[in-house]
Amino acid sequence: MSLAYLIQNTIDGLSLGSIYALIAIGFSLTFSILRLINFAHGDILMIGAYCALFIVIGMQLPLWAALILAMGFAALVGIFIERLAYRPLRGSNDVAALITSLAVSIIIQNTGIMTVTAQPRKFEVPEVLSNIHNFGNISISNMTLLIISLSLVLMIAFSLFVTHTKIGVAMRACSENIGVAQLMGIDINRVISTTFALGSAMAAVSGIMLAGQYGRIEPLMGFVPGLKAFVAAVIGGIGSVSGAALGGYVLGLSEILLVALLPPAYSGYRDAFVFIILILVLLFKPSGILGQAEGRKV
Amino acid sequence: MKKFLVPFMLIALLFAFNAFAETPPIKIGAIFNLTGDQSSLDAPSLNGLNLAAKEINAAGGVLGRKIQVVSLDGKTDQAVSTNAALKLINVEKVVAIAGFSDSNYALAAGPIAQKAKIPFITTGATLPTMPDQVGDYFFMTPYGDNTQAYVGAEFASKDLKAKTAYVLKDAAMDFTINLAAYFEERFKKINGKDAIVLEDTFKTGDQDFSAQVNRLKALTKKPDLLYISSGPSECGIIVKQIRAAGINTPVISGDGFDTPLLIELGGKGANIDTYFTTHASLTSEEPKVKKFVQAYKSQFKTAPENAFAALGYDTMYLIADAIKRAKSANPSAIRIALAKTKDFKAVTGTITYPANSRVPLKSVAVLKVVDGQFKFVKSVTP
Amino acid sequence: MLEQTVLELKDLDLFYGNIQAVKNLSLEVKQGELVALLGANGAGKTSTLRGISGMLKPRKGQIFFHSHDLTKVGPHQIVSLGLAHCPEGRGIFARISVLENLKIGAYCCADKKQIQQDLEWVYSLFPILAERKNQVAGTLSGGEQQMLAIGRALMSRPTMLLFDEPSLGLAPLIIETIYKVIAALKKEGKTILLVEQNAYAALEVADRAYVLETGALKLSGTTMELLQNEAVKNAYLGG
Amino acid sequence: MMNTKTAKLYTIVFLVFGTGVLYLLNRFLSPYHMQIINLIGINIILVVSLNLSNGFCGIFSLGHAGFMAVGAYVTAILTIPAAKKFILLPQLPGWLASLQLPFLFALLLGGLVASICALVIGYPVLRLRGHYLSVATLGFLVIIQVFITQMDGLTRGARGLNGLESFTNVWWIWFGVILTIYIVAKVIHSAYGRGMIAVKEDELAAECLGVNLTSHKLLAFCLSAFFAGIGGALWGHLITVITPGSFSYSQTFNLVVMSVVGGMSSITGGVVGALLMTLIPELLRNLESGITLWGINLPPLYGLSQIILAIALILVILFRPNGLLGRLEFSWTRLQIKSLFRKGGDTTH
């Protein structure tokens, strides 16, 4: 159990954690404002990855351009889903919204299989990203560095957006009390569309990162990471965006370190660890690390 | 009451569809998991099957009758697969069924065909014990996992001079578990009880192997060989991540590696000492193989995605050949003819069913990845 | 100042699902007037305010504010027409600071310079808010929260204010200060519709009043008439 | 109105009539259509038991397939003959290796072990509410799947158990359906059942009235798991192959679809939901494999039926949030009143 082994796993955990964090922010946003768990959020990750692939191969544009266009497209898809499936449901009980999001997720996955076939495809990554820096036993690829730094930048940009722009303030007001926010002259439909757009754009980025890191995309790639990102959002404190980011890192690190430290026979238990952590958090600290306990109005 | 009428009208309409699909040609049933996790393996098999049927019909069909492939989607769900089998037998009245690359689904549909005395030929499932377990109407087009695992172990010990090995297997797929078990059994027989340095596991769909790779790197006793028992979706990224960690020990595996993805996703890493055993080399110069690849490319605009495409293709020709020899489309006659198949020249090698076994005696090809191409190394007939 | 009606309700019906909260209610509030809307708990007072501010879509009837029909307009546009609503239970944003609460109040219709002026004005009305500016709103006392709610409503420079039971759960001394501010706002020419259970405090500042019972208008009139009216006295003023 | 005596009489007549019809169907219908009827029966058991926890008690569980898996594996291990068990599961502990029980006992034991799992998982988890509870039960499903895959010695892991005796036939299922509906109906119309419904409507109010939340929720959760176990076991012995993958997200989602479409808070709704949502995918099957419709040759579109079902679900949630039957229960008395269908006047959602 050399130190290098530990550091190597920590780096890999951080990179996986930053991907989860970006997706978790999307979950946390939609939950804080609409009390909606959007299971289809994971699948937008897949849409972002495929969109980037077609832009890079189809239109021969560089990866960074594909990133931005994919974010835009995913944002549109997010707004479209909210407008079509979730808006009519507003005000109904939270279970109806949960089921609808599962249904939307099934529709996206199967449309994906029908249009782009289930064959896993190679994800083009520019040469410079895949060369490796070796420090003794520890090896870090540029892709990992890009993932960690880009997600940090995006998270900081996002928190600045939420604190300083008008629509950001409106989003925070809506997450506090959506009814009263309307009285303040906030158009909640516009705020909700922005929330879905932002969350989906970030999910698209994490989709591209996931594809870039592992070089492979297929239509069902989004569901499991989406679910794990929801676990991260709950661990960090559902509803608080910084909580979601923290939860993402905690989950990414614990998943990799648990598999690395426990004897090899247990690496198959990886997904079980994630959900055992979830149930423990829900039991002992349901509001999560940074979340505020939601008092119950008696 | 008005509100409830609409759904019933819809159902009645759909029932009508069923009756509409009756036509007289020889009907061959096909059940593949075209959606869900298995779709990347099964979709090419169906393509191969349909391609063969198209070619046979173009050449005048069999016994003067056209072949019609009735294909239903198993949806990677055993209940749906058994429904599909029953529908093909009882409603569509097929004379033979081809299906599945995974033994768990073949074992769900096989017994139903066996009970109805309809021959069931699995195109890609390689569990050697299936035919004895299901019955005499169950045939396998591919060789058993044991055959290719033994060839892999022999090749590693003799040709690569490996004394110790590290095994990484996908613990969530029965194909990979059996393959690894048979390999270890034969490798230990050759190189002694503790020839396996470490056995590690992962789960289908995993994308991050850093924990496993780091554990391999940290081994004090460096293994001479890495046996990676994985399916086509994961093989590329595992090889890439192992080579990225600077481990260049030779890698060997079964036909799970037989996919363009190994090269695409494996990248530069795959070119370093990566071997695998498979049914046939799709890039070999053999005329039969070249004709198949050419026909597949023109029909489906891409090269065959994996060996399962070739296996689907061979299965259809196998059935057609049996019908021709039996001179009748009657299911039990087909079964008898199939059992007597001898030296049938197919894309994935020559197929012979030995006396009381429905696991074909086939040659196993050993391939190596050389600068982005599969290069034929040798063919071993066990 | 000609007596021009600012707000007019024409036989308004309001429902929660199948339960009717308000039955064809008609009332009007003239420019600069302070009208009280009295009634027991569940009489439909709050529902009426929610109908006016667009939170609850009426099934029948119209609501005119300066000739705009509010039923045709989204809730978020009503504030920009100059009609601010101070909701029941104050509805302040507990987890963010007092200053940010006030800024959200000015969300719809103010630029940087105006916000600074309005802030100074609100601080002059409620000096305590200036002291607690950066404190998280949830830590304020009941009275201070009510002042914050009123201050926040004022930030959108409304011409008319809707108050929903500002005295709820407050100590008598605090109620006095609140009502002093309401009276001051009336003097400045703001039109006010005040919903109150505490009829006594309301009638002290109001010009006219309507009394609701189980969703329907029971009686209305100037404060003087109502104070003498026997029915009102024993029903709401404790005989 | 009809008194209960004649209502009971009607029910018995219906049961006898039903058995007769099933007997005839079993003799004349092709195995394919019988299989669909069997699957409808199993789905009725699963959905009615799911309604007990999701609809009547307000615990929206997504882990139903997990209990199915426990029931299926326990029953399978108990019924595999000792000789075969030695080959399939060599590392089984001695007492289990030689044990072979008749199907009925194994079935009930399967259900029992499933409800014990529900007790173990339920006790801590049932303190949660709404989203959190649903996701925790989904977590339970993943944990069960991973443990079954990893406990190679006991369950043969991912290779699954195959070649199971096909005990399940139409009579086992018919008996299971009657048992499930009878017990679930009995529980709901009992005082305990009303306590459960109070818990669903408003936990706080129920608690103030002295309803012990945890015990009511636990009973609903364990009872629903018991029948899920039985349903899983019947499924396993109908399909004769069970793998961890057989009881996955998609299985749970299908059950939830049936429950929601039929009507979560009504037994009849569960039956109608199971009937419709087992039948329609079969009928859509032809549409998928490419059929010439009025001359236009539709290309094969695999995955089409999943999309149509998902869209149907969204439409149901939008326009009939309480499902096709809402809270309506089938009863002989209601049959006398002409319209079986009143516009669900329910405002509690």
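Chains: A, B, C and D, in written order; residue numbering restarts at 1 for each.
The criterion applied here is as follows: contacts are C-beta pairs under 8 Å (C-beta built on N, C-alpha and C of every residue); 3 or more make two chains touch, one makes a residue touch a chain.
A quick note: this is a predicted structure, and the numbers were derived from the prediction, not measured.
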item: Most central chain, Cα average position; value: A
item: Most widely separated chain from subunit D, with each centre as the mean of CA atoms; value: C
item: Chain pair, A-C or B-D, that carries the greater number of C-beta contacts; value: B-D
item: Averaged-CA centre spacing for the pair subunit C and subunit A, given as whole angstrom; value: 43
item: Subunit A and subunit D: spacing of chain centres that average the CA atoms, whole Å; value: 33
item: CA centroid of subunit A to CA centroid of subunit B, Å; value: 35
item: Per-residue overlap in subunit A, given as positions that touch at least 2 other chains; value: 110, 113, 265, 268, 271
item: Touching two or more other chains - residues of subunit B; value: 34-35, 37, 39, 171-172, 203
item: Parts of subunit B lying in touch with subunit A, wherever the complex brings them together; value: 34-35, 37, 39-40, 43, 171-172, 198-203, 205-208, 210-212, 214-215, 217-218, 232-233, 236-237, 240, 244-246, 261, 264-265, 267, 305
item: Interface residues, subunit A side, partner subunit B - complex; value: 1-2, 5, 8-9, 12, 16, 110, 113, 117-120, 122, 130, 132, 134, 137, 139, 141, 210, 213-216, 218, 220, 224, 256, 259-260, 264-265, 267-268, 270-271
item: Subunit A - residues contacting subunit C, complex; value: 166, 169-170, 172-173, 176-177, 179-188, 292
item: Residue ranges of subunit D touching subunit B (in the complex, touch as defined); value: 30-33, 35-36, 39, 149-150, 152, 157-160, 162-163, 166, 235, 238-246, 250-251, 276, 279-289, 291, 300, 302-303, 306, 324, 339-341
item: Interface residues, subunit B side, partner subunit D - complex; value: 1, 3-4, 7, 11, 14-15, 17-18, 20-21, 34-37, 39, 70-73, 75-80, 82-84, 86-87, 89-91, 103-105, 107-108, 111-112, 116, 133-134, 171-174, 177-178, 203
